[in-house]
Amino acid sequence: MKKLRMAIFDFACCEGCQLQIVNMEEGLLDLLDIVEPVEWREAISDQSEEYDLAFVEGSITREEDEQRLKDIRQRARILVALGACAVNGGVNRLKNAPDMDEVRRCVYGNSATMPHLATAPTKAVGEVVKVDFEVRGCPMSRREFTYIVRCLAAATTPVVPTYPVCVECKLRETVCRYEFNEVCLGVVTRAGCNAPCPAGGQWCYGCRGLVDDPNVNGAKDIMDKYGKTVADLRSRMELFNSVEARQCQGQ
Amino acid sequence: MMQTPASTTAEADADLYLPRPATVRSRTVLTATEMLFELAMDDGKPLGHMPGQFVEVSLPGIGEAPISVSSSPDGRDRFELVVRRAGRVTAAMHDCRMGERVGIRGPFGTHFPVDGVLRGRDVVFIAGGLGLAPLRSAIQYVLNHRKDYGRVTVLYGIKSPVERMFLDELDDWSRRPDMTFMETVDRADATWKGNVGVITRLIPAAEIDPKRSIVVACGPPIMYKFVIVSLYSIDVANEDIYVSLERRMKCGIGKCGHCQIGGLYACLEGPVFHYPVLLGVEEAI
Amino acid sequence: MTINVHHVTRIEGHGNIRLQATDGRVEKVLWQVPEAPRFFEAMLRGRSWQDVQTVVSRICGICSFAHSLASIKATEAALGLTVSQQTDQLRQLAFGGEQLESHVLHVGYLVAPDLAGVKSVVPLVSSHPEVVKAVIRAHRLGNEWMELLGGRRTHPVSFRPGGFGKLPTEKELGDLKGRLMNVVQDLKLIAATVTSLAGKLPAFERPTEYVALTSPGCYTFYHGQIGSTDTPDTVAVERFEEIANEHVVAQSTAKWARWHRESYAVGALSRFKLNHAWLHPLATTTARDLGLTPACCNPYMNSVAQVVESVEVVEAALELIDQLLTRGIKAEPLRPVRPKAGTGVGAVEAPRGTLFHRYTYDDHGVCTAANVCIPTNQNHANIQKDFEALLPEVIDEEEPRVRLLFEMLVRAYDPCVSCSSH
Amino acid sequence: MPAKKLSQSALALWVRKLIETRRVVAPQAKAEHFAYAPLSQAEDLRLDHDVTILPPRKYLMPPSEVLLRFTRKDGYTSVIEHEPMILFGVHPYDVAAIAQADRYFLHDRPDIHYQTRRRSITIVASDVQNASEDVFAACLGTATVHDGFDVLLTRVGDAYVIESRTPAGDALLALAQDLQEADPVSLGRREQVWEDAQKLLRRQVLKCNPQELPALLDAAREHPVWEKRSQTCFSCGSCVTVCPSCFCFDVEDELDPDLQSGTRRRQWDACLLSGFAVVAGGHNFRKRREERYRHRFYRKAKYLPERFGFMGCVGCGRCVKACTAGIANPVEVYNTLLEGAS
């Protein structure tokens, strides 16, 4: 079987998703049996003109980055968005505000107008170019990444869960965060991560994005039941799903 | 954890989930999305199915999908499947070349009563789209034993002319003096000279004698609603209707729970149902 | 000679090297950071005290534990929360895992190819299988160690303001201890390999100011005050803005810092220079074997200091686990927090150097202002100064060699460039 | 074998002995709750547990289990996994649920994956010492059981009455020291425990005889309760994931790193999940929340009883707690239907 020529690129992000590839440890060696990295700045010093499989990590926050991304898209047969930043903008969307100049001043003070500090509202990769597949999560799950790469190498379509994180909590016998009186987004968030956050002692903050048909009405009722407000829910949802959070009305 | 290599135990033969090897003997493009496969079990034995039954087709690393047997049981060691490219397994199946191995479980499920109540009666087949695939098995069977049945009518409805399958057979059917074949398309194109409109239009025109006929229908979920109403309008009784239903299936043997239609299992009590059984089963049609 | 390295490889984030010289005369020597800035300080405004660490952890995937812990310390300081000794020790223990993981990653995957004269770790898999396996094992242990204490390897979830959301069991700590004892062999092999290749590191020296947290009696990563090689006085972490003096320059989207001189350095070498006296025995021997002395002013030796620290964190962890197990792990449910207005600073030694977070909260525990000062920010100016000193020294060498020396210099700092443009 | 008696300390010694000889799986503390897990020391055993988060079915039919291995070259082979194991401390309602699973998987054409695991499991049942706040087993006749286990333990004061029902059970008892004949007083107290269980395991009260439920449901398809209660359903499947009487599964292939071989696995599935009845092309046979929500009750209280003769619910109450939205409680649903019916 011919190895897929793989490239990895990053835009505005923490590069934690790429780190997951290194974190596969010995599994990385297995991966190298089916893909050949031809460009991966963080790990190797090669560059290439074309790729079968391009992974793009990070959000798009500048005009020049849109161009770079479009160029990558042109060279790539399959383009996969890697991690929340790439899939839906992730935490980077939190900076989007009506007044971007004010945002620049907040960080760079008097120097904010210097041209190299220009920034635009955060976009997900899919808002700039066509994305063929997504690996969700912040960071993405190593298991899911491996699975998706294997599917692509075997020329079949990966199937990823569309049900909420609660399923995985139940299977792990994790005690529900609502029992600790905490606002957990697991009820409306796509599973596939194996629910590490509730198992690790924290609520799910929704990094994999919402399920296809989130029952936000249901979520509001739960807030009442546990003495929380929709504002609590929305403020947590904003972290990784600011677009949806804004649509979630309430006091 | 202990693993018993099952090939060494007698029990392995009894593993309901273990596919048996079969080989692709030929493949024929039917339409842009449908392909006909001729398969033979590697053990050389006939599949042993009845018209209307289905098999579970496995491709390693991709998965399994239920597919109706489209050929009539005729004693040969070959059988035919029509596969529409719909998802993972069916797409990978389309990539299967001659000589490639697939896994087969089954045949499973109920069948059309070709050896039972159909005998001696007028038979009306109503096929919507891919529904022709399973019905073809029964149609062939009936035609092979033509003298056992009364009038034979086949009504075939399809979205557009390019989706017609088995053109030679359709042609043959339309010429045969011992049967009636009528077809219609939802949308005609430049080449199409025949009927245009939904399949129910054919029903009044088919001169079905409600007293003598048994109707056997197979098509997409939406088709049944209209076909049944139309059959009522020509006084066909519930007792004289059989339908074949499709549901999601993960085992084919009544364990996985996916294909439940109310309390019925599409893989055990179906896919072929005597229509009265479905009356009052809200999820059925 | 014109050298333009557009995006240095094998570092975290995007940085460019721009060198130009004619007839032995330097015309341009620049360390550029074109990384897209992310505006985390702006993002934090309006976030609840409970969600702040979740957000700031995303500043850096490689040192997310450092960010989470600095963040939690800052939030606790602002809200007036105190934590138990157990919590404090478990956090320190967790942090050791990140130092090991990060250092091994840097030395084993990113620096080693240069020493071996190849472009990535991939060829080393076949040319140096034993040491690559040791690197993978040590890296895996670092990761699993982090996962045990932090709930995940990257972007931890078990640390919560006031304590832990989930505690490790005594059995798990016991198991970790056993594995830590085993990893010592791997670290020795890695150190020996680095020793054998240390000759490949350029003999370039440029004294500068070295800054790190310091806390007498302990080779600290987690507590302490700001120390410097330029002054015997230490400064409270709450005053970090006065020592970092962050400013914006045209060649970088990341801010620069300076204290007593035009630039200063943070990171493993700085920590070693300030705190070497308190290294554990095996780490002390390792430093000696590697030829690392407190007088060292060679920035390339930062990677060597990381090897020493890898040993140090394992020794320190073994000690911590013993103390924790002796007292026994006690369930300490999180106490409800009543938010109040306040401001607080948290500082830790991230693998790459000193990291500061400052937050201001209002009465409802909503963050109204934040300032985050990253190790690599504090190093950028120093990298530039190193560049300026190095180029004249090597100006007569072949272009590829010069290019390599500069790339290696950048890598030696283990820069977290995207982190610095947070 | 006639009933015997074991002191608390003898019980602990016996458990220690069992751990030495075989994998023992038993309820242990997990946060504020309990979960079945491999027992490494007798001290961790919690026979006083109210209910475990997941039922013991996770050992009879693991959440993810290999059915087959395949290679591209050689095709498929069955993988029959099993591990001799003692399921220790199983509450009566869970024993009843295991009997249901036996019936479900072994009737007609037996599932040998289930069968092989099942045969290698020895069940030490335990009468309930502390009732969970949601339990209603007594309403469904599963507060106590008289078969379906190998050994039954019942706490009577400071001691246990222990009774073996099978040769496998006898073999376990043979490992116990200080076994005494159960005296009439202890046996009498055991009777009392069984009698009390009928009151204790009735924290929720079903206001009809379970046999009446199929008929009740027959007339209730259009009842507003489905729509009303399912409004807040998250389609998270928690209620069925924790259910000892749910058996639905999904099957998936997984490739090995070399892409040339791999496994076919079955995973627990849940009819409450939105994709459960979706077929290729996207048609969903149970598209609306209320349809999925309703299906669960019909499957449990109508379809399964009609097909297999058992009600697909043993009254453990796990779903009540597991449901974040608080709508899964079957007793509430059936009682609401009853109100309308009367």
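To keep things simple, chains are lettered A, B, C and D as they appear, and every chain counts its residues starting from 1.
Please note the rule applied: contacts are C-beta pairs under 8 Å (C-beta built on N, C-alpha and C of every residue); 3 or more make two chains touch, one makes a residue touch a chain.
Note that the coordinates shown come from a computational prediction; the quantities given were computed from them, not determined experimentally.
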If chain centres are mean C-alpha positions, then the most distant from chain C is chain B
Taking the mean of all protein C-alpha atoms as the centre, the chain whose own C-alpha mean lies closest is A
So, in whole Å, the Cα centroid of chain C is separated from that of chain D by 50
Distance between the CA centroids of chain A and chain D (whole Å) is 37
Whole-angstrom distance, CA centroid of chain B to CA centroid of chain C, is 65
Chain-centre distance (mean CA atoms) for chain A and chain C, in whole Å, is 25
Shared-interface residues of chain A (touching two or more other chains) are 154, 159
In chain B, the residues touching two or more other chains are 61-62, 87
Among all residues of chain C, those touching at least two other chains are none
Chains touch one another in the pairs A-B, A-C, A-D, B-D
Per the touch rule above, chain A residues touching chain B in the complex are 154-157, 159
Given the complex, residues on chain A that touch chain C span 10-20, 22-23, 25-26, 29, 32, 37, 41-46, 58, 61-62, 65, 90-92, 94-95, 97, 103-104, 106-109, 111, 114, 116-117, 119, 138-139, 196-197, 199-202, 205, 235-236, 239
Within their complex, chain B touches chain D through residues 1-7, 9, 11-12, 14-19, 21, 58, 60-64, 86-87, 90, 101, 103, 221, 246-248, 250-251, 253-258, 260-263, 282-283
The answer for chain D against chain A in the complex is residues 30-33, 35, 53-54, 63, 231-238, 241-242, 252, 254-255, 257-259, 268, 270, 273-275, 289, 322, 324-326
Chain D contacts chain B in the complex at 67-68, 70-72, 75-84, 104-105, 108-113, 116, 221, 247-255, 259, 261-262, 264, 266, 269, 271, 276-281, 283, 285-286, 291, 295, 298-299, 302-303, 306-307
